[in-house]
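Structures given as structure tokens follow.
Okay, so chain A shows up in both of these, paired with chain B first and chain C after.
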Partner chain A sequence: MTFTLRNEPRQPSIFAQVVRGELCVAVVVFALLGLIPLFISGYVIYVLPQYFLFGMLAMSLGLLWGSAGIVSFGQAAFFAIGGYAMGVIMQAGLGEGAGYVGIISGIAASGLVALIAGYFLFSAGVKADYFVLVTLALSIIVEQMAVSQSEVTGGWNGMFVDRMSLWLGPIGTISLYDDAAIYYFILPTLAVVYFALSALKRSRFGKILVGVRENEDRMSALGYNVAFYKTAVFTISGALAGFAGALYATHSNFVSPSLAGVLFSTEVVVWVAIGGRLSLFGALAGGVLVAALSNFLSSISPQYWQLALGFIFILVIVFFKGGLAGAFTNISERTAYRSLQESGNG
Partner chain B sequence: MAELLRTEGLTKRFRGLVANENINFQLESGNVRCIIGPNGAGKTTFLSMISGHQVPSAGRIIYKGQDITRLSVIERARLGIGRKFQTPTVFDNLTVRENVELAVLRLKDNTRSAAMRIDEVLTAVRLDDREIQRMLVKHLSHGQRQWLEIGLLLGNQSELLLLDEPTAGMTSEETVATGRLIRRLAEERNLTVIIIEHDINFIRDLKAPVTVLHLGKVLAEGSFDVVAADSTVRAVYLGDEV
Partner chain C sequence: MQTILSVGIDAALITLVLALAAFGLAIIYGLVGVINLGHGAMLTLGAYFTWYCINLGIPFFLAIIFAALAVGLVGLIFEHLVIRHFYNQPFETLLLTWGFFLISTEVVKIVFGTSFRNVPSPFPFAIDIGIYELPAYRTFVAGVAVLLLLGTAYVFLKTPIGIIIRAMIQNREMASLLGLNISAAYKLVFTFGSAIAGLAGGLIAPMLSIDPYIGNVFLVRSFFVVIVGGIGQLLGGTLLGSFFIGGTETILALFSSQVVAQVAVFFIAIIILRFRPQGLLRAR
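What follows is the complex of A and B.
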């Protein structure tokens, strides 16, 4: 049939796939999420920001994996580094502005670890497969350090982290102890991060990352310093994971070594695979929904939820390589093309 | 005319095997040169040493008066050395236009002049049809992919084009068009081109000087007619073809 043949070249390019309609959907979803605390209160309002932060963590991998094609099993390590940095700062007695120092420390610490690891690995031209293994090791190292340095981290018992406040200088201080208050702090932060990353993906830098993902040899032969761009995106990704971790720590008042663990790291990869790595919003939605679903399933069926999640993961990998976001884009592209053809024929 | 590229005693050994031995090569800017020779003569190795993909065992490479022997692929690309590989190395999953955009982006132009440069490149390599611009590169014909790769080298303003078998897989009509394109690039843009080719008719039509490599050494050099008349060259490579 000639239809399939002619349809093929119309496949959406992965350069542009990200943008189509996604930003509009995102605006609507963020607005709707903003309305929730007006109607509901209690546990949902407490727990949703946690899922938002998992969504932010998922986006940190979505940027890395989707744009640059680099898979990392170390995102949980950066998340935990951010969380512990926040915890240490909050205990240091810095007063009302401590939260800001905590956030900056979390970003700086995780970003620095990513920068150092990325610099040495990418400059040495380490292949993707080995890079994955190193990031896996990074998770284990951070988890072990969190356990062993118990005088700082509290070891297996974890560490109490106080809620931060929004210190506004002479104007005063906004307390975030109330769950709705921190909800209205974390949700806009998430939205800002999402739109900033979307802009980054569409920028010159973002396009170069796609080039690196698609053909490293060609990029070098064109004069692009591939190792620099990989190190840069890994650093941004690590810093973002650390930022999410810092907020998570102060929101949940608690960090423990399992935050850095291999299990949690793997979950992040599963979220992004299910949500769709080529779409930032897909990754975000994957993080929020799959984390929420896991939580729900583990409460009704603690034995089987991981099995169920495993099956969903396999189904997505086999049938929807682009994840849920990819499936949606394909369907909408196909409908758009069909209507274009029909109008052309008519 | 100013000398653009010179190699002095360029040698490459792989363990015991000598791929290139003591190659002294010189090329003026705006010139086209064909490198021919039987399989295993060391043609691609020679090109790889100029592009920086292979490190010479001995000898020097001088480009625009500068010793570039120790520079990386990336540094040489930034100096204007562009390489088209034997197997087209392009961005298969991106569109034709996006491919060229990635080449142009390296120069950090403002958006408008970048868009103009993309248009200009696409026209030069005959991929300016609007439908073709939006096609994914993996759906292009083999010949179109070869042109696109040359287009990428134009996009980031390469001055020395190293083309490894640019007409492989092309129809005879496409081959003729490629020859015309290469001549135009040299004449109108003063680009310098080194071409590795097997297609004798293509080389003859190009009317460019030829360097013959055999067993890693320069066997003969000169115009096509002179080289083709050389009895040693006929014996090792051309045979009765010409």
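What follows is the complex of A and C.
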């Protein structure tokens, strides 16, 4: 796999411009999304946070795929682990702060599974394609465990999860039962996650990951512990997917084994491929838009839509490796480059 | 004694059926280096084509041959349109074959419907060998698997086309410089692997109820077979891997539930991958 490095020293200002451009777009989009509940109510406000959480799940893969070049077919497994952890904690009757405990255990459980799997595979120097298979198997295993451990998980019937509330200590408790309330909880959370991840990608850690993606041997020759960095980013990615899953469970009040399933797992890969594997915002947008479109078109013609999605997936991989975000970046890079040249000439 | 014998025969049958299911994958992965995530979909297609032919009144044995040819043709078309441009980017082929899975599954759902289908077994009886009742059809499938493995090994080791393919694996550039038609050989291998998957799907169909996701059950198992056995070890690797995966699962399932057995096999496969990433049969 060879991608061109976006941050070649030749044209650093263009790279900076593109990144800044993406962040600006993100700020505007988040602000606009924040205004929606003022004008619309009802089903849209209920369902949008779900898509936001799918977007967060897509970003967890986008981080992995975009910066480290690792693809996981098991993100849904972590999502489901987070969801079930949330469900179990909410049923345990821990009182007002249960939601926090649920979120933390969701993150911890999925992060731990990712850490163990990642450590085992990366320290052995397992190839990227084997990694895909093992993560695919992981999602099958989690689905089967969710089905078979029916005393805990409710088996095929799934599990009811209560809506969490925000406990603010002595100040009081904010109920999130209202759809607009949980909208205004999930949207800022999504924004924080997005900006934190883009900061992570720009940090030294993120640059080392890009190095690993581009040339693993060279990075280890330079003295970097490649296995450590890969394990670390996979753990972060798994924990983030678990976080999204925990929020999803409490938002939709329900988790079922199909959340871990192979189909959902690979849907995440399709979202990110279409949105753009190299761009976090592309992954986020891919998750939100494709999931929303899927839901909408599935109500009209489920099978033909899934079929079309398969074709789109192949076309994206054959012709537009960067996905939607890549197409935009190309255009903006070209215009930025042209304007640079013009200013240089003038 | 009797239990040991029956478990042994059971394990042998399961091993061979699993080897049959994994063989198409082992061929494509081992020879042209494409991880075919569409392998499960090809098994499913084979099963559905068989079911369809039998419903048309075609006898079972013609039906499975037709299924093999049809899936081979589908594989050929897919290779020609997409895969052949990506042989030097193995990771992209993995994603592309997953796209094949998505499309094929939906086409199956649209054309054949989503409900369970049954293919009647051509040998719905058991052979009594005194101490154990051999299920006739499974025995037949195991026999086909043995013949297929041996036949492929013969082609691979003794015929000119086998020599070309081995040359191609060893050194692709050198082989093409010597005037061998590498792209045709790749195409042949991919088509053959697809056809074998179709045949396996057709042969497995009478043992299970068919639904559009039937191949998925075998997809991951087949991969573990190939990985555990060692890539490129067509004969020994496939058999050893199948014995390991199928046998372990059978024995564990005796003592615990099916799910626990599968989870345990998964962990064992990962541990093998950790300490022998090149597979059990490949020398370090």
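To be clear about the criterion, the second predicted complex is superposed on the first by the 319 of 346 C-alpha atoms of A that agree within 3 Å, B and C clash if a C-alpha of one lies under 4 Å from a C-alpha of the other, contacts with A are read in each partner's own complex, and residues count from 1 in each chain.
We take it that a residue touches a chain if its C-beta (ideal position, glycine included) is under 8 Å from a C-beta of that chain, and two chains touch if they have at least 3 such contacts.
Keep in mind that this is a model prediction, so the values were computed, not measured.
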Exercise for the section: Based on the superposed arrangement, let me know which partner A:207 touches: chain B (first), chain C (second), both, or neither? Expected result: first
Exercise for the section: For A:31, decide between first (touching chain B), second (touching chain C), both and neither. Expected result: neither
Handout entry: Comparison of chain B and chain C by chain A residues contacted
Key = C
Exercise for the section: In the overlay, answer first, second, both or neither for which of chain B and chain C A:94 touches. Expected result: neither
Practice task
In the overlay, answer first, second, both or neither for which of chain B and chain C A:222 touches.
Solution key: first
Exercise for the section: May I ask you to decide whether A:192 touches chain B, chain C, both, or neither, giving the answer as first, second, both or neither? Expected result: neither
Exercise for the section: Could you look at A:44 and tell me whether it touches chain B, chain C, both or neither (first, second, both, neither)? Expected result: neither
Fill in the blank from the handout: Shared chain A footprint, chain B vs chain C, residue numbers none
Fill in the blank from the handout: So, in the complex, the side of chain A touching chain C is made of residues 1, 71, 117, 120-121, 123-130, 132-134, 136-138, 140-141, 144-145, 147-148, 262, 266, 269-270, 273, 303-304, 306-307, 309-311, 313-314, 317-318
Completion exercise
Counting only contacts in the complex, chain A reaches chain B at residues 8-9, 11, 13-15, 204, 207-208, 210-211, 214-215, 217-226
Practice task
Would you mind writing out the residues of chain C in touch with chain A in their complex?
Solution key: 35, 82, 85, 89-92, 94-96, 98-100, 102-103, 106-107, 109-110, 216, 219-220, 223-224, 227, 257, 259, 262-263, 266, 269-271, 273-275, 277
Practice task
Enumerate the contact residues on chain B facing chain A in the complex.
Solution key: 51, 73-74, 77-78, 82-83, 85, 89-95, 98, 101-103, 105-106, 108, 131, 134-136, 139, 152, 156
